[in-house]
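You will see two complexes here that share subunit A, one where it goes with subunit B and one where it goes with subunit C.
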Partner chain A sequence: MLKKTALFLGLVFIMGCSSSDESKGGSTDDFDRSALLINLADNIIIPAYKDFGPKLVTLKSAVDEFVATPNQSNLDAARNKWLTAYKAWQHVEMFNIGKAEDLNEYYYFMNIYPVTVSDIENGVSTGAYDLNKPNYHDAQGFPALDYLLNGLAADDAGIVAKFSTDANAQGYKTYLTNVINQMDNLTQQVITDWTSSYRDKFVSSTQNTATSSLNKFVNDYIFYYEKGLRANKFGIPSGVFSTTPLPEKVEAYYNQEVSKALSLEALNAVQDVFNGKAFNGSATGASFKTYLEYLKVDRDGKNLSTIINTQYDLARSKINALDTNFSKQVKTDNSKMTIAYDALQMAVVYLKVDMVQAFNISVDYVDADGD
Partner chain B sequence: MRKILLGIAITSALLTSCSSDDDSSDATKQIEVPSTYKFMRDGNSTVSFPGQTTRIEMAMELRSALGDNTKTAAELLGMFAHTEGDNDFSEAGLNASGKNIRSKVAASKEYFAANTTVSNQIKSLMDSWIEEQATIVFANWNTIATAGSAGQLQQAGGGKMRYVNAKGLELDQAVAKTLIGGLMTDQMLNHYLSTSVLDEGANIANNDNVIVDEGTSHTTMEHKWDEAYGYLYGNEIDPSTPVLNADSFLNTYLSQVDSDVDFAGTASAVYDAFKLGRAAIVAKNYKVRDEQVKIIRENISKVTAIRAVHYLQEGKVKMATGDVAGAFHALSETYGFINSLQFTRQPNTDAPYFTHKEVTAFMDDLMEGNGFWEVTPETLDTMSATIASKFGFTADAATN
Partner chain C sequence: MNTSITTYLKKQTHPAPLAVFRIGFGIMMLISIVRFWLHGWIETLYIQPEFHFSYYGFEWVQPLGNYTYIIFAICGISAFLVAIGLKYRIAIITLFLSFTYIELMDKTTYLNHYYFISVLSFLMIFLPANSYFSVDNLLKKRTFFLIPKWTIDSIKVLVSIVYIYAGLAKVNSDWLFKAMPLKIWLPSKYDLPFLGNSVMQQEWFHYAVSWSGMIYDLCIPFLLLYKRTRWFAFALVVFFHVFTRVLFPIGIFPYIMIVTALIFFDADVHERILNGFRFLLKPFKINSEKSEVKIYHYKAQKIVMPIITLFFIIQLAFPFRYLFYPNELFWTEEGFRFSWRVMLMEKMGYTTFKIVDGKTGKGFLVDNSYFLTSLQEKQMSFQPDFILEYAHYLGDHFKSQGHKNIQVFATSYVALNGRLSQPYVDATVDLYNEKESFQHKDWILPFNDEIKGF
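What follows is the complex of A and B.
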């Protein structure tokens, strides 16, 4: 027994010498963060919203018209405007800051997919649903419009019939109207906030704390890249996070031909923000790129901003090699999908490790893929 | 008696601090190697790795099932890619688990996060072996194998029956030995012991300030380290004082390597590095921690290489004596170990000793034409020398 206790005593014997450790975080370099925030707000974020907002209003008019007069030409028009607005949406989804965040994630009401068809159909037939409730996040927004305008029946005549002669026609009309009204209402709130008060608040928050504008924006940017772009559009459908591929989980699944176009819009949006490229034009300003160049951040002897842009370009070339319909791509040759995913993933390390370290910004979320 | 022990255990985490005026770094802290892998905080153990134990247990059941010719391909694949609640295993606890083997094969953060395409190829190759075992090998269980057709072969001297595919490969061996690299080694060396996992998010700050994970006694960093430990020692009766030979995977082959006089001491080097690295995390000394990672990576990588060369040589010798079944068995082991080389880790680099492409070329060489039925001693010797020299040992040393 004595021997045993002696063994225990010697178990962990640590001699520590304390030393005054320089505090981590909080410090900033001399880069003009304010110029970066101003360029983001005035030349990218607000113009992107000002592009998206009217396109959504146009979509709303087309949907209203289709609801008033369900026929083939109004269905075509609504689909057309849906795609235009959906593409514009790809340029704002990453801005989950300010009002968008205060709404308990604006994008939850705009682009959670795949939709839960049973929630929509139950809502249509019973009229008992509340789009403000979290369990309806995956039964509204662009994906719900995709289902209602493209997936309700095997052919167009069948879809038009759902809104005209079907026993639940009124239910479908009401549901469709509620979805577009919700999207429009929330979007106007976000835009109004940016153009009235939030812009000034955003650009004047130049400190380096967890709640400062740039800290939050960088986190939102990387989170969107990792989740909204990389995982949702590529990783999940190609089965990276599951045992088998899930081709029914692509964006715009019911449309069957635009998942690639939407993902390319999203990648362009991500890269333009990185480079500080004006939404309306080709001018560039203060950005993550110029910040990295100011700090002279290298990786393996190469300019980090160049490495990131090269990686985005490589990812784009891999995406360009895919079928217009990712669902089809996953079924015919999933390895091309995972190659595109892998190219996107490569940039995560550059952004989430190298870039945030250079900016002295902490990542405020952790992947939950462990044991 | 219990109380006394417990009390002593608490005080055993004795910290002596001294102030210093200079900017002495963490490196000046001295940490002794604990005698066992037991770590306590406020009277509670901080060590936990149930997920690793579960996966080793699943792998053990899968391995035996691959030798049971009454199983169907669907049943075997169900064990490999278990879904929570499915009745795949004999143990109820395993059936209830949400964990499975397949999702953690070729799935480390550092090697496969941006390489899912290759990860999928590796997983699919294992699927195909499992399927072929059921559909081809089980179907020819009682016929004698010949070049080009699957069946049974008995080892010399009334020895064990071996069941091989058309190329002489025991697919159950290919699966089991690939798991040593693809599951255990990869998860350990390239995931849990990676700085990108150990230091992820706020792990360092939380470990520095002893902020434990909710509902547990451990910090995230401590837990990640323990999960690496669990892939090696998780099936031990008392994992804090491992005796080895506790599974059919890495744990056992570490023991086999250690029992070769040329590599004696490998097992204790790994165990000591695990203990010291864990103590270093408790002491917030990440330099010492990372030195231990290097030691573990080097030694665990070597285990795979030594066994690969060992069985290449054994295959060659048995072939020369006419023991075809014995030779094919050894070469089947080697086949899986060679596949496992792509999950090794050269210390101070982010690369394996042999890449996916290189091991695929080795495997293709072994399977060319009629596979083991035709492979030449020269091929086996060349392969042995290539692997051994990359790791800095000789084929002779690995032969005993």
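What follows is the complex of A and C.
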């Protein structure tokens, strides 16, 4: 009897478990992950794209106008819209998920800097270039616009001349137009996908698997913070990863005065996503912060979410102490730049080690058996 | 005393359990290798990485580029030969050597169950597992109806050591009184049907699983050894391992343990299993009737017995080597591996390296992803021997690039079992100047907490 019962129990259990891999549970859990994803999608991601999209369209018409009539006032207008759109971009760059990822990394086509000037100049003079090719990632997007609108010549008259009287004027016009068209085209694709089908797919994928929305989003968020924000905007220019500082590698290098403004936008975006703060307004919802509170991840009576927010705030105060032009800051007093980097860096530890451990998400990069 | 040992060693038993074990083990190993291959892991774990973490003293064991596939092929073929019992002795030696070579190639993929397989296949070299129901029997036209009882018992002892040591390792304050790391792991299984959003989220359940896991490990060998509880114990084995399989990505290991547990059953159970195979083989009209039937005798018992004895002494003693090291074992991991410490820790780290010119004091940080795969980086970030080996690799790399007066400093933060992260290594110590050894690494910073127990 004992034998048969045991065998029966074993078999039932095997059958019960073998078919359970991908199915989804109910929602009786105290913490509702689907609410987190809904808050992210409806109150942050889609509104941020809906803010960015039209700003890019406005930039496109300003660029078109400048190409049609290259003069100082049209140049000023295009630069102005460029900055507005670039700031809005800082709020969407981290969402490398869904269509953005399917496009072979949308942000590769939008914000890889520093630009490779020789690629642009060769393209302009020969007309032989393909912006869809990976080796043109660093010759398009906002950084290419930065070069074309701010860096082509020593002064504004010289820049306008490049688009009007220069022997390659038509080449510059075409290149500029191609860049903005590419940005607009890809952006519209991403937005359409979010607003048509992807939103529902995103919010319903709450499982703990390597490919579920939540896990991918956490990974993307941390990846962006570590690479896009910490390394690209601060670490690389200040020479943290090289033997000497590299002031020419700041974001918006040719503009010379907005690298700080852009980085502050990016930090705000990162912190707002962490806190689940609505893009339009100050309401907050389910977020990494509330998830950490639910999990009661505390140290010395403080929740990890408080520690992370404090660290973000500290980093912001260090950034505020910098020159508006990071390139100048690196050249004059690089130590302040590395202080800001260090403050940002500490948050990487909290995110990458403590937060990920608390969420215990299946990380996307580890494909092997465990013990 | 001596006479009782001698009498025990002379005891004979039917070889069916060992034959079934050989078949099961061979098949499981073959499946493991094929599965590993199909997942593309040979490529991603052994061929793509440009640097491999070696075990101290085994730096010469490296993947062989595309020839690495051949090692896996050899391992798979020998597993198959073990299963059918053809040229068994050569096959099991080859299996042991090729599998162990694979495991030594990169310690990033260290798993206790891989170690178990190496150890078990080593033991099996000395056992007459082809004495019954094997192709070797057909070829040599002889089969055995009795083999020394200790040969089957030795596998039982090894399996018991694994369970009991794994159980002892769970007798610690984190596991029993904080339900760590299960308190982190189980709630994240929220997407399991029925259980995920209910019990997996309950603290009492985390404690229940922790305690029953510990009790299970400590008791299961005895329940399997005692005839009256054997079937019940086997059901527990099946339940426990399937349960862990559902919860954790542990590959094929649970099935290996289930098959292994069959060794505890008496020969009549195994005869019934073998009858199943005989039924399947009927169409092939294999004629084993003419075989001469004998009792198995060791030709070189005088060599085999000391080896087996020494093997078990090492198995019993080696897991306790951690006692020679100061500080918390879970934190320093000095003496952690090869000790059946399974699933005891949720440990994560973040470690960055700075290459400094000792003369000018100037330096730069290294992008780990340039040198390591993400799995390697993950493993490196919280294990001191990895950190040291990688620091040397980086130092050598930048030296070859023409950098001078190289110093390598690591900044590391590690979080263990739900404690928030804290600094892990002394960031002022030039790791390029530190040598790997079995000595304690004094550049590991203190844990600032205590985990009581084994």
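Before moving on, here are some points about what is shown:
Keep in mind that, in the parts below, the second predicted complex is superposed on the first by the 329 of 371 C-alpha atoms of A that agree within 3 Å, B and C clash if a C-alpha of one lies under 4 Å from a C-alpha of the other, contacts with A are read in each partner's own complex, and residues count from 1 in each chain.
Basically, contacts are C-beta pairs under 8 Å (C-beta built on N, C-alpha and C of every residue); 3 or more make two chains touch, one makes a residue touch a chain.
Everything numeric here is computed off the predicted structure, so don't read it as measured data.
Comparing subunit C and subunit B on the residues of subunit A they touch gives the larger count to C. Using the contact criterion defined above for the overlaid structures, shared-chain residue A:197 touches neither subunit B nor subunit C, since it reaches no partner.
Judged by the touch definition given at the top, the superposed model places A:170 against neither subunit B nor subunit C. In the superposition on chain A, A:126 makes contact with neither subunit B nor subunit C. Once the two complexes are overlaid on the shared chain, A:185 sits clear of subunit B and of subunit C alike. By the touch criterion stated above, A:238 is placed in contact with subunit B alone, subunit C being left untouched.
Once chain A of one complex is fitted onto chain A of the other, the partner contacts of A:73 are absent, as it touches neither subunit B nor subunit C. Judged by the touch definition given at the top, the superposed model places A:338 against subunit B, while subunit C stays out of reach.
Shared-chain residue A:349: touches subunit B and subunit C both. Of the two partner chains, neither subunit B nor subunit C is touched by A:280.
Common to the subunit B-facing and subunit C-facing surfaces of subunit A are residues 5, 7, 9-10, 13-14, 17, 20, 24, 235, 239-240, 243, 348-349, 353, 362-363, 365-366, 370-371.
Against subunit A, in their complex, subunit C makes its touches with residues 39, 41, 44-45, 109, 111-113, 184-185, 187-194, 196-198, 201, 231-232, 234-235, 238-239, 242-243, 245-246, 248-253, 342-343, 346, 348-350, 362-367, 374-375, 378, 413-415, 418, 420-421. Those residues of subunit B that touch subunit A in the complex are listed here as 1, 4-5, 8-9, 11-20, 22-26, 28-32, 34-36, 38-39, 49, 51-52, 81, 83, 99-100, 102-103, 113-117, 120-121, 196, 200-202, 205, 224, 227, 279, 282-283.
Taken together, the subunit A residues at the contact with subunit C in this complex read 2-3, 5-7, 9-10, 13-14, 17, 20, 23-30, 33, 206-209, 235, 239-243, 295, 297, 299, 304, 307, 348-350, 352-354, 356-363, 365-371.
Taken in their complex, subunit A has these residues touching subunit B: 1, 4-5, 7-20, 24, 235, 238-240, 243, 334-335, 338-339, 341-343, 345-346, 348-349, 353, 362-363, 365-366, 370-371.
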